[in-house]
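Letters A, B, C, D and E mark the chains in the order given here, with residues in each chain numbered from 1 onward.
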Amino acid sequence: MDGLNIPLNHILLVSSLLFAIGMLGLMIRRNIIFILMSLEVMLNAAALAFVAAGAHWGQPDGQVVFMLILTVAAAEVAVGLGLVLQVQKRFKTLDMDDANRMQG
Amino acid sequence: MNATMFSALAPILMLSLTAVVLMIQASIKRDQSVAWVITAVGFLLTLWSASYARDFIQPVTILLEVDHWSLFFTSLILMASLVTLVLSKETFSSEGERKEEYYLLLVLSVLGAVVLIQSSHMVSLLLGMELMGVALYAMIAFPERGQLPLEGAVKYLVLSACASAMLLYGFALIYAATGELSYAGIGARAALAYAENPMLMMAGSAMVLAGIGFKLSVAPFHMWTPDVYEGAPTPVTGFLATVSKSAVFVALSRFYIDGALYQFSGLNTALVVLAIASMLVGNWLALRQKNIKRLLAYSSIAHFGYLLVVLIALTYLEADLVSQSITFYLTAYIVTTLAAFTIVSMVAGEDTAKQNISAFAGLFWSRPLEASALTVAMLSLAGIPLTAGFMAKFFVITVGIQSGLWGLLAVLVIASAIAIYYYLRIIFAMTQSAQSSGNSANWQEKLAAIVLMASILALGSWPQPFIAYAGLL
Amino acid sequence: MSETIWLIPLIPLLSSVTLMLVGTRLKASQVGALGVGSVGISALLTLLLATEFMQNQQVIQLSLWTWMEVAGFAPGISFYFDGLTLVMMSVITGVGFLIHLFSTEFMEKDPSYARYFAYLNMFVAAMLVLVMADNLLLLYLGWEGVGVCSYLLVGFWYQHNANGYAARKAFIVTRIGDTAMAMGLLLLFTELGTLDIQTMVGEADQTWQVGATVPTIACLLLVCGAVGKSAQLPLHTWLPDAMAGPTPVSALIHAATMVTAGVYLIARTHELFLLAPIAMTVVAVIGITTSLMAAFTALMQTDIKRILAYSTISQIGYMFLALGVGAWSAGIFHLMTHAFFKALLFLGSGAIIHCLHHEHNIFKMGGLRTRMPVTFWSFMIGSSALAALPMTSGFFSKDQILLQAYQFPEIGPGLWVAGLLGALLTAIYSFRLVFVVFFGSVNTEPDKDTGWRMAVPLSILCLLAMVGGWFMIPVSEVFPASDGSHPAHWVEYVSISVPIVGVLVAYLIFYTGQLKVDRLANSSFGKSLGKLWLSGWGIDLLYDRLFVKPYYGLANKLKSEPVDALYGLIVTINQTLNQWLSSAQSGRMRWYIASMVAGLILVIMLAANLPEGAL
Amino acid sequence: MVMINLILILLIGGLLAMLSERISDTMPRKVAMVVVLTDLVYLLLCLSGMPEITQLQAPVANDPSTWLMHFKTDWIPAFGISIELALDGISLLMVLLTLILGAIAISASWTDIVVRKGFFEANLLWSLAGVLGVFMALDLMLFFLFWEVMLIPMYFMIAIWGHENRGYAAMKFFIFTQASGLLMLMSILALVAVNQSATGIWTFSYFDLLNTQMTEQAAHWIMLGFFIAFVVKLPGFPFHTWLPDAHTQAPTAGSVILAGILLKTGAYGLIRFAVPLFPEAALDFSSAAMWLGAAGVVYGAVLAFGQTDFKRLIAYSSVSHMGFVLLGIYAWNELALQGAVMQMVAHGFSTAALFMIAGSLQERLHTRDMREMSGLWQQMPRMGAVAMFFVVASLGLPGLGNFVAEFLVLLGLFQVNIWITVVAATGLITGAAYSLLLMQRSFQGQANQKWVDSGLVDFGTREMLTMAVMIVALIFLGIYPQPVLDAAQPVLQSLLNLTTSPTVAIVEVM
Amino acid sequence: MLEIVFFYIAATVALMATVMAMTRPNAIHALIYLIVSLLAVAVIFFLIGAPFAAALEIVIYAGAIMVLFVFVIMMLNLGEKGNKQERQWLQPSIWAGPAILSAILLIELILVISQTNGPVSVAAVSAKQVGLSLFGPYVLAVEIASMLLLAGLVGSFHLGRRYLDRDNLEKQGGQ
């Protein structure tokens, strides 16, 4: 199957939309789980852009980077979720505005 | 891959080996001191291997570029890591079970930093940065109790991941524009790509800049810094402030130089704005900060602002002087900052109340060694002659003058003048009489403090050997 | 002798230093011996010098060492001695010696006896340097030196704040003149390349036309110095207050010597003044105005020393008048006779004050004629000389001045009339003093009359005041000869008779009371005029309002350092920014992310040159 | 090597003094005194062994071999930075002044310092070492290094042993001088860069940089950096505000060193660097600089008059006096320059002595507020007499050093600009006003019963000896200043040769 | 032509699902929307000639990572109370500012991207090609990625196990 007809900028557009939505989620959610999800969305957006660019240049590198992004996402989420558990335990909340002891 | 490549990879291999040995050790018998010794030996061997690798410098696959510069920084961060290790022993001995993971994470984080330093490709940059970061999240959150480390870790993780996403998206745009992922490849095609589609290339580079700027805590991406510095265990803060930041900066400068990004004036403008913002914001924030770790966080913001001046000068100067300046500045910065955190760790430990500057009162009389070292460190951060920090600033100003960056230098002078105030505040506090605190430090820590203080003074008063050495890089 | 004239100032100086260093360990008699003896030796040496000079008329120039040498500016520590110097030195050492002697008794009860003589000796030394100086810079050294000594002595009884105030006032007011004079020195050096008086006047003659601007300005600046030191308008206000010092000090410094330094300065540099007719006229006008102003003021004073102080101002005004009209030797002559009779009067008043337990108010005295005969006769003679009654020393000198003033072109007669008015007033106030203090009823009983150490100087001074008018001062070589013409005889007669009229008036008013002035004095005009005169024409008040208060106000305003407020503003700005930024550091992650996004937007905008780049 | 030794003796002596506290409590001050005197004697011995000293040859400003001493060795060859020290007449004068006042400062600290004596004396000696370095360094980088480093011990002296508001004062002092120091660093580097781009050689040597060719604009800016740095230290109006605080809060010995020596480094810098390196720019700037100087003279005097704090008053008087130095330097003719040099020396002694008196008062009365004093002469006549001497010295009594200085400055200045001279001369009047007020409020007037009852101790032998040194020095300077003038003359002449004088004939206008 | 239609459909689905995921108060609901979004992205991958990436997207992203989330959500046992709170937090006053920021960023990106032109690709990149380069030039990346995963593993192990330990301890203490 070939993707001759899909313009690159449309795909990038979609990815940028995803990126922006993820960023919006990051900014509006206070629950740490949602925050982590938003991060996933952003990473996914970047991955989409990479795969699209790779396809544009006809190189496998885009997909290689995609795989590595997956790895990164997995590692981050693993540690992140570990932290979520600790947050729940130590702060008795998942609200990051509430779990805020340092400022100034 | 051939044999010489493996030789060139010796530091990375040695670190990986250390990680493996640590895991094996943990599975056989958990013992903190054994883990400590293994890590120490591993770092020392890596240090040796870094000099061994000197004879085999070459690009290793497309991902890594092992050259003198990167090997120098490899050694440097290994020394810094050794200091971190020394400080960690005391700090984490009070933890409950399973503190051996810490050493494993430390080794992995150092590994990430080494990869970052040697990276010559977006992928290795990404992986190095993430490896270092992921290990650091866990290191920050390592203490069993307390909310601050956890809060610091969460903040660092979320914000750092956000920055990584920006970075990745930027990479993707650059890739879309150039079709290249290696620095050299980007450098070769950058001008062409710019001609074809200037905005894509620039927006991509800008996003990369933002992502990396976050790690360097350059304003306005600096917000996380104080919270994470304060929350993290002090040795980890020291590690984060020195190893992590300098590795990222080295990677940034390689990307900037090899990727020939300095040719784009838009990017340069962006850097100028970031530099100015960092210098001023960092120092303003630090002015009346009471917690010394937060204060050092703010000070580091300013320092990377100063350092950015050098990067901006790339547009006007040949890379040699610039990379020399970066070498000197980062070395001075690492030594000085480590000294500061060493003393903070020795004196205040993890006790937030003791991290208040007023708690340092009378240190000159109760613990003269620590006070002297901290004084020297503060003077160095402030850029007073005879200290490494001064020579570093000397480099920056020289480079700035040679490039004619008068506006930036003016800001630098103003910022440095503001900065003197808060560094002096600490020194002043130490000179005032107060009841003495009876903490004591172990000999390794004392040795580290002495060595660091001596290095600051040596770099500042007799920098010639070092400059000669750095000139070879 | 000529090689050792440096000893004359040095001996009092050494004595002074000795007294300062070890004075407190010496016995009073030793202190007295040292203090009086040193001046005595100087006086003797001066006498020797005088006899020598009378024989050979030889001018002595002696250079000890070069003070400093910079780029052609090479004033020396060097002395110049001629007839004028001799007159001055004689007065200083002679009258000075008598006053020192007088002081040993006057001050014997004072705990700071040694300090007193240390200052007094130092003063003599400085004054000698002033008159002996070969160049204006050394003269300036002496000039300032006497100023400091005057300051120290006026404030000698430092425990009273008023004395300290008077001392400071004396120093600062004269310093204003001195500074102007220093400017004159700068100008003279810049223009002529030297400050050596003799070389300088030679140069000046060659360089400048008569009436040129530069010499006029230079002379006016010198006049400023002279005006300050000699308590002339408008810088005279310090002298009446300076009476706060011990009375012998008033006699020596504020009557006989220092205050006449201005006269000496102008006389010494008269060649310059001859090039600046305007400056001379200014000097004359200042002199006569001051003279009248002070005479009116003296009329109303009740403090015995203040009367004498204003009288001094008035008399120096005459000297200035003399200088201004070119009657150089008459001026110097009056300087000398004035030194005799005014020292006599001051010492006499000192004796009264000493014996009347520090009573200064003349209306609380009275009838002292019989109680203190020595003093009475001193006063009689002194006042006669002051009033210039015929055959007294004052008569000769003042008469000369008035006659020469009359001959001054254009304004001469005017000056003469004013001078006569002054002479009339002088006679009135001086005999008012005599009548009030020595006649009438006894208001305060004196302890005793003076001891010998007071009586001897008084007597000698009486003699001098009587016969001083017959002295010939050896200044003919120094000053240009006058043309020798005389005014009409009636002028002379009027001049002679006016003082006698004045004494009569005083007699009628203050002794017999036949001339009733009460009605006039009690009218509202009379009252306010009296008040005005009492306050010295309100000049002190005026200065207080114009200069002193504003200066205090300014100093008070600036005390908080407006410049520092500027730096304070910088600090405030930084603090405010710190607060803003710190509050931005809220710890909220979402806010942090938002800032990062904003940063990202900014960076992209800058790098990709948005929004212009897109269009 | 002699010059290196001079500095090393002080540095090592400082360490010894610090360590000697372990032997006995009174040991540090003795050690410090011995060290400074050793240094002084060593210098004098070395000088007496040199034939040149008898006839100070006129040095050629840009030829080190004609200087009294010269020493050069590589330090950071990568940037052409070397350890280059040299001594000529002016430096020699300043070095001697430093060592003599150093000894005096130690004497001032004799009983004043009660805690951590060892560290205090060490700091004192170290700051002296730094000052010596400033006066001798002729590599600009080395100069800058000493310039900055000497502040650190000074900072400690104020911060640790200072009075009630020491934190603020120390901070202000340090920030002012450091911030201006940074400007100077920029200027130095800019100058070096200009030189490097012209010649292709990195060098920081004074002798090499003297002939740097640069555009007018560059020269202006670079000179301004130097100027501000030096004027802050001087201190000149309006950069003087650190000084009253620092002087007031510093311990006596600190004030002595600050006022006596440290301020002179600013003047020295102007004479040595700011003008000769940029003659044309300095010429263009001279009138502004002179107005600043005159403003300083007047402003300092007025503010001194308003003070009630004994030390603060003296501090402002320093502002006023150092204004004359600025005037003298920028009038830039031999008369004025000699006056400036003279003022540096004379002011060193007179102000140091006044600060010592202030310190003694503080030690005895535990206050510096003159409203609390009054009539102290009665109980401490010796101190009063000494104070009177230095007060009249500071108001410029002829026959004492300050007069020679001020008169020469005015004389030189008069040839350049009459109106500035007039303004500056008013300083003589206002100077008298505040000086005498000081005397009145503290030593004269009715004795305060509080002090009469508490039985104050007059100056003892040590204090009188110290004072005697300064009194003799001032009298000597006042009536026979020639040795000082002779020492400075050839140097100033050689500097004048480098530049054109701003002297313009002026009197024609009259 | 058909691909383009599919692409737009998939893109729309992905965007809609993502928006939903970001705005749902209930974590599980949000997560399911997120999975839908990921699947839609996988479709896009497929459409632009990256079948291997599409497979990985489904297997690892939607399959593994999202399941991790589910586990944690279940462990934390977020109930109805949490949902209510989440709804309260999603007021316009809270999201207006961020929305503006995001919008600006988006506009910038659109401006930048809209100038790109040209089709995506001439040919699909096969799994083999990817594999070859993965174990060719990128072999070190794989090794480093393994270390990265190790770090993630150790980190989550350390944090998570401690959580479980304490839970267990509390339970034992309770019994």
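Following the convention adopted for this analysis, contacts are C-beta pairs under 8 Å (C-beta built on N, C-alpha and C of every residue); 3 or more make two chains touch, one makes a residue touch a chain.
Nothing here was measured: the structure is a model prediction, and the numbers come from that model.
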item: Graph separation of subunit C and subunit D (steps between touching chains); value: 1
item: Chain located farthest away, centre of subunit D as origin (C-alpha); value: E
item: Identity of the chain that, by mean CA position, is farthest from subunit C; value: E
item: Top chain pair, ranked by number of contacting C-beta pairs; value: A-E
item: Innermost chain, taking as reference the mean of every protein Cα atom displayed; value: D
item: Separation of mean Cα positions, subunit D and subunit A [Å, integer]; value: 65
item: Geometric centre distance via CA averages, subunit C-subunit B, whole Å; value: 77
item: Between subunit A and subunit B, centroid-to-centroid distance (C-alpha), Å; value: 26
item: Chain centre separation in whole Å, for subunit E relative to subunit A (CA means); value: 6
item: Touching two or more other chains - residues of subunit A; value: 8, 12, 16, 19, 22-23, 26-30, 35-36, 47, 52, 54, 56-57, 59, 61-62, 64, 68, 72, 75-76, 79, 82-83, 86, 96, 100-104
item: Sequence positions of subunit B contacting 2 or more other chains; value: 123, 127, 130, 134, 137-138, 141, 154, 158, 162, 173, 176, 199, 202-203, 226-227, 289
item: Multi-partner residues of subunit C (at least 2 other chains); value: 582, 585, 587, 589-590, 593-594, 597-598, 600, 604, 608, 610, 614
item: Pairwise chain contacts, counting only pairs that touch as defined; value: A-B, A-C, A-E, B-C, B-D, B-E, C-D, C-E
item: Sites on subunit C touched by subunit A in the complex; value: 582-583, 585-590, 593-594, 597
item: In the complex with subunit B, residue positions of subunit E that touch it; value: 108-109, 111-113, 115-116, 137-141, 143-145, 147-148, 150-152, 154-159, 161-162
item: Interfacial residue positions of subunit A with respect to subunit B in the complex; value: 8, 12, 15-16, 19, 22-23, 26, 32, 35-36, 39, 42-43, 45-47, 49-50, 52-54, 56-57, 59, 61-62, 64-65, 68-69, 72, 75-76, 79-80, 82-83, 86-87, 90-91, 96, 99-104
item: Partner subunit C, residues of subunit D touching it in the complex; value: 237-238, 240-241, 244, 299, 302-303, 305-307, 333-335, 338, 375, 377-378, 381, 385, 388, 392, 397-399, 403-404, 407-408, 410-411, 414-415, 421-422, 425-426, 428-429, 432-433, 436-437, 440, 443-447, 479-482, 485, 489, 507, 510
item: Contacting residues of subunit E [partner subunit C, same complex]; value: 97-98, 101-102, 104-105, 108-109, 111-112, 115
